[in-house]
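Please find the structures below.
Next, two complexes with chain A in common: one pairs it with chain B, the other with chain C.
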Partner chain A sequence: MKITDVVHRVDTQEKIKGTAQYIEDIHFEGLHYARTLRSTIARGRILSVTYPEGYPSITVVDARDSIARNEVSMITADMPIFARDEVHYIGEPIALVVGRDKDEIIAFMKEIDVVYEPMTPLFTCDDNEANVFTRRHYSKGDLASLEGCEVFEAHYKTPYQEQLYMEKQGIVALVAGETVEIYGSMQCPYYVVNALKNALGYPEEKIRVVQTVTGGAFGGKEDYPSIMACQTALAALKIGAPVQLVYDRREDIQFTTKRHPAFITVTSYTREGHVEGMKIAVKIDAGPYLGLSDVVLQRAILTMTGAYQIPHLEVAGTVYKTNNIFNGAFRGFGGPQSLFALETHMSRLAKRLGKDPLTFREEHFVHQGELTSTGGRFHEAIHLEEMSRMLKEMSGYPELDTEGHGRLVGHGVAVVPHGGGFTGDGEAEHIKAVVKLRKDTEQFIHILVSNVEMGQGALTALSKIVASALDVPLERIVYNNPDTRVVPDSGPTAASRTTMVVGRLLYNAALKMKEALQEQEEVVVTEHYRQPDYLEWDQEQLKGNAYLSYSWAALLARVEVDPVTYEVTCTDLYGVYDVGMPIDEKMLLGQVHGGVVQGLGYGMMEYMDSKDGLIQHNSFSSYAVPTTMDIPQIHTRWLINPYIEGPFGAKAAGELTLVGVAPAIATAVADALDREISEIPVLPENLLKVVTS
Partner chain B sequence: MTQVTFTLNSETVSLETTLSRRLLDVLREDLGLTGTKEGCGEGECGACQVYLDGALVNSCMVPMANVMGREVVTIEGFSQTADYAKIESAYMEEGAVQCGYCIPGMVMATGALLKTNPHPTLSEIKDGLSGNICRCTGYQTIFKAVQRAATEEVDE
Partner chain C sequence: MIPAHIRPESLEELLTALDTASYTIFAGGTDLLIRKRQWQGAERRFEEPLAFINHLEELKEVVITQDHFLIGALATQEDIASNEALPDYLREPYRQMATLAIRNIATVGGNLINAASVGDSLPVLLALDARVILKSVAGERSLTLDELIVDKYRTAIKKNEVLTQVIIPRRHFSGYYYKKIGQRKASILSKLSVILLYRKNKNLEDLRIAVGAVNSRPLRLKEAERTLLETGCIDAYLKALLESFHSEDDKRSTREYRETVTLDIIRKQLEQLFS
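So, the complex of A and B:
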């Protein structure tokens, strides 16, 4: 086949029929169920836990059942599998209650008595060093040397966002002989392997992790499954039977990781209509454990200048330790917060300077060959001016449709990057991806990678890359859900890296296999990641090429605002995307539509708040995500710009589609109301405050 | 425990259960019909939708007491029909499926919509699917799939 052939996604039919087996649909012989006993206070000492008598078929699994280490190993291992002496957030797991009968488990849990000695919790980002996890900083030029500039400082605030994957978190653990096996809904099978190695002290040979059909993840199943796997593995080892832990929806919304709330201060220094400098401070709330938060912070600050060349720069970021829920990965990974602040600020500056917001952006665009904000070089071609031109052409800009039939109409733009793959030298130094291709004696080609299909289309995209590189029919490619007993560690399914990085390794492997395609015997080709020589990164100084390459989007949103109720409708979202070479347009459109709608939710609807450490919006009825009734017309065009290191020229796509949507919509609302907006989502109650203040 | 008898996918089913139990749990746990999914458990997301006497309902909100003597059709039953075949083909053609978790419910809602309104407008499609949340697709390809299913000839 050819890469340009139009195909059906390979996993579609069984999903439509309802025969695809998600973790909760799979039958395990002798399955036991587990529920989590959770802390009801935000911070304190556990003085005693008293379990009820008279439940012979119930087993409690807690910190006393720890085998090697009571730690969940992520980047650090600062989180316990089960709280032992202290709790640090509401909902922190203390124990699993395991049994065969769900009603009996619930009855047992109602009789558990936990006595705490409360300690003073902290719910805000506090600059006392004891409450700071990490600080990161980089600079460029000399901000202090600037003279005669107009200084404009503004504060931006973004809320939690819940992934709200349709399939809740779910893991099953069992013991098969000497091996602990984990099945479940996850993005990163080898993260789970590593967490189990640390927790159990087992060698890798005694651990098997199998991803099951995954009903959406969006980052929410990047780190969290490791916690559940450690807990259920201990339970399965204790009772000698399979143990299933599937959260109910409220539990999943309230107690699993979310997009970090962020507080961002942007101070701009403008001279003769041009931004000469920026000073930026990014604060994110990690909750009580670091998890992935330092990595999220790095992407947030490294994304902070967006598509613009700012000569003088100081960027600082801080991760705060609080007793709120602990936060983690969500599509965009720090980018949506930064780009909301930056893009909103750019539109506010343009308005203050009396300039057209798109023209003002064009005057600051970065170009190929220039230095990035961290002193690396933009090696690949950048066509932002052309993207801006295409955006104008497709939207009719600046002759925009302002007829609202009684409603206020506004337009907003955003031009944003997304760095593909892990930040800095993460791909080369930490991930070190390995992929394998195996041709069996029946002439089927097996893709052996640890990257998962979670809805985004990895199964089809990677199969298509291999089939096209080998020029064989798609039907000859076999790509099963990863089983770590079979597949090497090609890294996590995260950071928009699957097609771009893993796809390229598979492409290379396929080229090597091509010569052996006619042979009868089995052939295995292994390919290791190697960073291109022209990229350099200093992780201590945050200097060099922060990303392997950048994808770009230029967006324009049209909104209508009801002048009485302040209800916002986004009627149209125009977007031009540079994702290198679009290797499957249908799937890419799926990514664009889905990312736009999640970004629209973030900017316009999805409000989640925490009160005294407890998430207040804990259900589909209180946390409103976009339905069919909230969807704008989505107009999409591609800027074709093949990336030399990508498979068939492809670059990162998944996260790019989300990161710029909220500022485009928020600035459109600001335009409609002729007010400044510094906070999302643009809910009527928030707009009322903006208008009356 | 009470004996409850009802019709399920054209066959008579009789089982012992409590009347307050959710139809969703009986389908998934007692009868092994796992095509019906639980998304929210509060009637907001539509992943658990089935037909009850031909009407689209969220099975997480239906106690077994309300099922006695009535007719239930799940995705397993609906997927045997010609109406379904048309919808399946349209969803595949349009690439309307990503993670797939909402899709059985979405397909049931599509079937219910096209039964009462064989040629819906875009606005009627949005209205007809407004009880079904999808977090992946942004709905655009689903709208197209419904339009495609509505325009194709029924193959009977």
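So, the complex of A and C:
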């Protein structure tokens, strides 16, 4: 087949028919259920936990059952598998209660008595060093040397966001001989392997992790399954039977990781209508454990200048330790927060300077060959001017449709990047991806990678790359859900890296296999990741090429605001995307539509508040996400710009489609109301305040 | 030990059962099942045995007479939303409730008995001076909505009674306005809702206004409505309305938003009506 062939998604049928087996659907002999005993206070010492008598078929698994280390190893290992002496957030796991009868487990749990000695919790980002996890900083030029500039400082605030994958978090652990086996909904099977190696002290051969059909993840199943896997593994080892831990929806919303709330201050220095410098401070709330937060912060600050060349720059970021919920990965990974602040700021500056917001952006666009904010060089072709031109052409800009039939009409633009793959030299230094292709004697080609299909289309995209590279029919490709006993570690399914990085390795492997395609016997080809020589990175100084390559999006949102009720309708969202070469246009459109909807929710309606450390919006009826009725007309065009390192020229796509949507909509609302907006979501309640104040 | 659940074959059998023991009446079940939400796979535990009644055809009828719309309590919300013989002002609030799948099973009676502050059928029925028929072995009584709904989730229905019918007087209205505001455009609970019904020939002859989801019960100021009709003094009516609000900040909205926007919506409609 050819890469340009139009295909059906490989996994569509089983998912639409309902035959796909999610973790909750799979039968395990002798399955036990587990429910989590959680802290009810935000911070304190556990004085005692008293479990009821008279439940012979119930087993409690807690910190006393830990084997090698009571730690969930992510990047650091600061989180316990079970709280032992202290709790640090409401909902922190203290124990699993395991049994075969759910009603009995509920009855047992009602009788558990936990006595705490409360300590003073911290719910805000506090600059006392004891409450700071990490600080990161980089600079460019000499901000202090700037003279005669107009200084404009503004504060921006972004909220929690819940991933709201359709399938809730779920893991089953069992013991098979000497091996601990984990099955479940996840993005990163080898993260789970590594967490288990650390927790159990087992060698890798005695650990097997199998991803089951995953109904959405969006980052929410990047780090969290490691926690559940460690807990259930201890339970399975203790009782010698399979243990299932599947969260209820409210439990999942309330206690698993969210997008980090962020507080961003942008101070701009303009002279003669041009931004000469920016000073930026990004603060994110990690919750009580570091987890992935330092990495999220790095992407947030490294994305902070967006698509613009700012000569003088001071960027600082801080990760705060609080007793709020533990935050983690979510599509965009720090980017949505930064880009909301930056793009809103750019539109505000344009307005202050009396300039057209798109023209103002064009005057600051970065170009190929220039230095990035971290002093690396933009090696790839960048066509932002052309994207801007295409955006104007498709939207009729600047002759925009302002007829709102009684409603206020506004337009907002955003031009945003997303760096593909892990930050800096992460792909080469930390992930070191390995992929394999195996041709069996029946002439089927097996894709052996640890990257998962989670709804995004990896199954089809990677299969298509291999089939096209080999010029064989798609039906000859076998890509099963990863089983770490079979597949090498090609890294996590994250950072929009699957098509771009893993896809390229598979492409290389396929080219090698091509010569052996006619042979009868089994052939295995292994491919290792190698960073392009022209990229350099200094992780300590945050200097060099922060990303392998950049994808770009230029967006324009049209909104209508009801002047009485302040209800916002986004009627149209125009987007031009440079994702290199689209591997599959239909799937990419799916990514765009999904990204727009998730970004629209983030910008317009998904409000989640935490009160004294407890998430208040914990259900579908209070945490509102968009439905089809809220979705605008989505107009999409591609800027074709093949990336030399990508498979068939493809770059990162998944996260790019989300990151610019909220600022485009928020600035459109600001335009409609002729007011400044510095916070999302743009709820009618907030707009009422903005207008009447 | 909880006695067994029952599935009476007729209304009569149901009334007899209700007279002898305490049951939770289960019609569409869309609210009850949520209220008894439990760890998925564990039992939804009700304090009382259930009386399943959703199969009772005699309570599903929708009859239109010279003077009334007679709605059986077990008519589904979609039965009303999609019934072209019924007027739009009655159908529209039902059309915007929940989702089609829920409207297909949730009943007219259930939304009244649940008596949630966000029940979207309550304001329109209040505005239309609807009455409900409550039956028991002892006979029947008829209550206004104001009498039926005591407070949020509390009704005046007795343990041996069942709501069988909603009686809506037929009046001629020349126009209506309905607005529901939620956190999104569909499939969502109301932050507030407003229904306004009127008859206008040369002059305005009839005018009813009801507000949902702001107070714990649906709100209608009949006295102030009458004065408004007589005097045309919009400010006085809105002042009375504002004074009767007792909204709160909650997960869905704020007191300030609910009250301000409700007043602004009504003001805009009234100004058009009286111009």
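Note that in this section the second predicted complex is superposed on the first by the 693 of 693 C-alpha atoms of A that agree within 3 Å, B and C clash if a C-alpha of one lies under 4 Å from a C-alpha of the other, contacts with A are read in each partner's own complex, and residues count from 1 in each chain.
Assume contacts are C-beta pairs under 8 Å (C-beta built on N, C-alpha and C of every residue); 3 or more make two chains touch, one makes a residue touch a chain.
Note that the structure is a prediction, hence the values are computed from the model and not measured.
Enquirer: Where does A:H8 make contact in the superposed view: on chain B (first), on chain C (second), on both, or on neither?
Expert: first
Enquirer: Going by the contact rule set out at the top, does A:Y566 touch chain B (first), chain C (second), both, or neither?
Expert: second
Enquirer: Give one of first, second, both or neither to describe whether A:T627 is in contact with chain B, with chain C, with both, or with none.
Expert: A:T627 sits against chain B and chain C alike.
Enquirer: Go through the superposed model and pick first if A:P311 touches only chain B, second if only chain C, both, or neither.
Expert: neither
Enquirer: Check the residue A:D248 against both partner chains and state whether it touches chain B (first), chain C (second), both, or neither.
Expert: both
Enquirer: May I ask you to decide whether A:E685 touches chain B, chain C, both, or neither, giving the answer as first, second, both or neither?
Expert: Only chain C is touched by A:E685; chain B is not.
Enquirer: Applying the document's definition of touch, where does A:E167 land relative to chain B and chain C: first, second, both, or neither?
Expert: In the superposition, A:E167 contacts chain B only.
Enquirer: Which one hits more chain A residues, chain B or chain C?
Expert: Result: the larger residue contact count on chain A belongs to B.
Enquirer: Just chain B (first), just chain C (second), both, or neither: which does A:G375 touch?
Expert: It touches nothing on chain B or chain C.
Enquirer: Shared contact residues on chain A for chain B and chain C?
Expert: 248, 621, 625-629
Enquirer: Could you list, by residue number, the parts of chain C that touch chain A in their complex?
Expert: Those in contact with chain A are residues 38-43, 179, 181-189, 251-254, 256-257, 260-261, 264-265, 268.
Enquirer: Chain C touches which residues of chain A in the complex?
Expert: Residues in contact with chain C: 33, 35, 102-103, 105-106, 246, 248, 564-567, 569, 605, 607, 609, 616-617, 621-622, 624-630, 684-685, 688-689, 692.
Enquirer: Which chain A residues qualify as touching chain B in the complex?
Expert: Residues 8-9, 11-13, 15-22, 24-25, 27, 163-167, 213-218, 248-249, 454-457, 586-587, 589-590, 592-598, 619-621, 625-629, 631, 634 of chain A touch chain B in their complex.
Enquirer: Over in the complex, which chain B residues touch chain A? Could you list them?
Expert: Those in contact with chain A are residues 28, 32, 34-42, 44-45, 47, 74-76, 79, 87-88, 91-93, 95, 97-104, 107, 125-127, 129-130, 132-143.
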